[in-house]
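Please read the structure below before turning to the comments.
Naming follows writing order (A, B and C), and every chain is counted from residue 1.
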């Protein structure tokens, strides 16, 4: 507990934890103040995500290489998963899908681009292990292809398509999970010598003891789930107030909120010239969302959603994912980076953000 | 003749030759048993394709480097050509096109992917000559672009498009054949030192004498043509019985049947750590179908088809070809492979196969 | 003045200057002879563009590295800019856009491809600095993405889209100019050691004195503007006479005319085994048109056009740009070239040219 307090004092992001009780109080007292609740829940989720990420890494560090890698690979995006599950239970499938696609695009373009830029402003040229980048980008490419197909079918006007899209989504979801599992087998087991030791944890800090880590993991997950409920309820109405389209909210705002903790680690790594870490977090997190979180949500929608959810997205989202994946592939193909590479990635992200912001709220 | 019998005894695939007389007998006795005829004709084509491929290589080996390369490059996909010609004469243009697109996708994803996987399960990391892969992938990319254009125009709804698409198909076909010829000039003549000696023939086996090879070439081509007729007639009805969509049959089943002989060689090469051979067969065969077989079929449709056939495909097929070509380009760009690369290619193939299987039989 | 005359005697292209007075005379005497005026104006623009390009380089050579690079980077496509401005003032937005997209595609495929082919016919294998190629190709990719988005939105049928497309075009134009400026900062300033000294000027020739260069720059720009007016007025009617579709004229003819001077330099560089020069001119010019000329035209359309012009293109043009950019990226990724690489690029260009030629004049 002492360690936890020390961590909180050490890391300014965690001071935002004060907003956790505030948001619960506000939700009780003024349930109709959507904009306020939206802002407060965002401020509360960011530090919780940071704690969650630290706890996961601590457990991973204790359980050894393979098991730890597996844990990080499945729980690394717990915040995104919990937010998406809350939206899934509420039947907000559009928000679920926008947040998935948005998280993939945001991690591939914004997190990677800002890491390259921040690192490049300090270091003239940076090198990193491109094998990791290649494997993650390949997995992302596979996931994009798998998401493209049901979307293309769903767009084509024809009767009786809904059932086919749903069957296909189920099959593809299983395929993606298998591909993700094999990818872990490859990078953690059979060919691990090719992969840099891109640990998520910052090794300057000692990991927490097991009990603290597990308790934090459990407790904070519950808190994230509770705050997410307020977030999901308020986000749509708040967006209207701010004049943002729902696509912009799901794609950009939710993705940035959910990924705040990982971004902090990725950026810190880049500044310390440990770009392996940054690339691993950015692309690894995107691949995890595409090949693990998204399919798991499809499977869970059969259990907890009002109706089964398919994998199909609206055409624009698929195009953005495709471009993001292709850009990441091209950019990481030679394992070197300078500030301008970051600028290019951020520019592509800005093109998308600008488009989504201006789109009509249809 | 003795050599031929020895070969048959040596190679279990060739035992299937017994099905050749059976399929002819069945076609005479029970011409309405489509499903049976379909199965029998598949079982008969596979060993015939193997013989054809061996005979071509023997002739090529005898006629010296350049002429042999040329022969291999034009007759290497004789089975696919004969099947497609039979379908062309019957006016089954949809089947012709599906089998062309399917052969390209199957060779690029399935044959290459399975080679990487099978090789990778035995050898930790495999290297191959990436110049060959680059040139073949570039030719495939060009062919995909050439197929994309008339398809895009044919899709756009407008009057008087049919004539334009036909003119364009004729022009593009000639262009593709010229590109293919120049590609051979480049790899067999002007810059041959950059290309690995990726002979199709397995050099453990002695080539057949010229007379035997030529006689086999002639005789087996006639047999393939006769069996293909039964195959083309029965395939559509049989597909209905099995609950397969026509797209699935043309794209997947025909492509696997037509390419069985080459797959056997490619997989054997990969197991023996001769990945140059496997990559050469898989991508070379795909390039040949795209830049030689397909345009030749368009040209021949003016002579033997009921009406001229264009190059346009349905949009989904073009997208699959584009993704397959792009995937092959990305994957072969560094000349190294491990089992997971094969898994990725096979997964993309599975996504396509699953989609085609579930598609409505519209 | 003596130098100018010597230059003219030295360079056969400049003998075409004789057509400059001829075209003005013809426009006065026979203003309705569109085909004649079209041919004459083309013959007059080519030598003017050559002079303009030489003058720009001379000024650049005198003003030192960074300022010179900046000048070359902004005035390098002055001919294209002046032609497009004339069309813009006349409200011929379709022609403006076709010539922009066409210049990008022509530079990336035809100029680069012909350089590789011409160089490869003389030299077995040629090497060049691939860092330059990578940065230019990345900038082109960003521009293509930025052009894709408003085009996709403009295609989707929906009310109230026009205003959004216009706002978006304005935002994206500013973004592209910023990206272009940062790209120059990167290649001319912070990381210039990675870029080959790909000067546009042929260093065999001495640069002109400053006064002559500036006077030529000013005088010839006025002449180009005057001839462009005749060109833009006559081009559409002349196209009908020749049986060419307007898309073909804008995309192919205008692009070849506007880029004639640069092509002469690029081809000469390739023959002298200075492929850095050729690649720098071809891709640099394409990037400049996409990230500087096009956005500047959008901004200027608010001032001098009848109505604001957006960035959206028709879908086919975006697909061609995307394929051209992708092809250039793939082809230049390893910094080596042989004649066949040139053939491939030219073939893709031929596919596009053939399609545009056959398209109905809708």
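Observations, loosely collected:
The rule we apply is simple: a residue touches a chain if its C-beta (ideal position, glycine included) is under 8 Å from a C-beta of that chain, and two chains touch if they have at least 3 such contacts.
Everything quoted here is computed from the prediction, not taken from an experiment.
Homomeric contact chain A/chain B is classed as different-residue, with under half of its interface positions used by both copies. Matching CA atoms, the turn from chain B to chain C amounts to 120°, rounded to the nearest 5.
Computed centre separation for the pair chain A/chain B is 41 angstrom, with centres defined by C-alpha atoms.
Looking at chain B, residues 333 sit in touch with two or more other chains. Per the touch definition, chain B reaches chain C in the complex via residues 135, 138-139, 141-142, 145-146, 148-150, 152-153, 158, 160-161, 164, 167-168, 171-172, 175, 178-179, 182-183, 186, 190-191, 329, 333.
Contact residues of chain A toward chain C in the complex are 124-125, 316, 319, 323, 327, 330-331, 333, 338-341, 343-344, 347-348, 350-352, 354-355, 358-360, 362.
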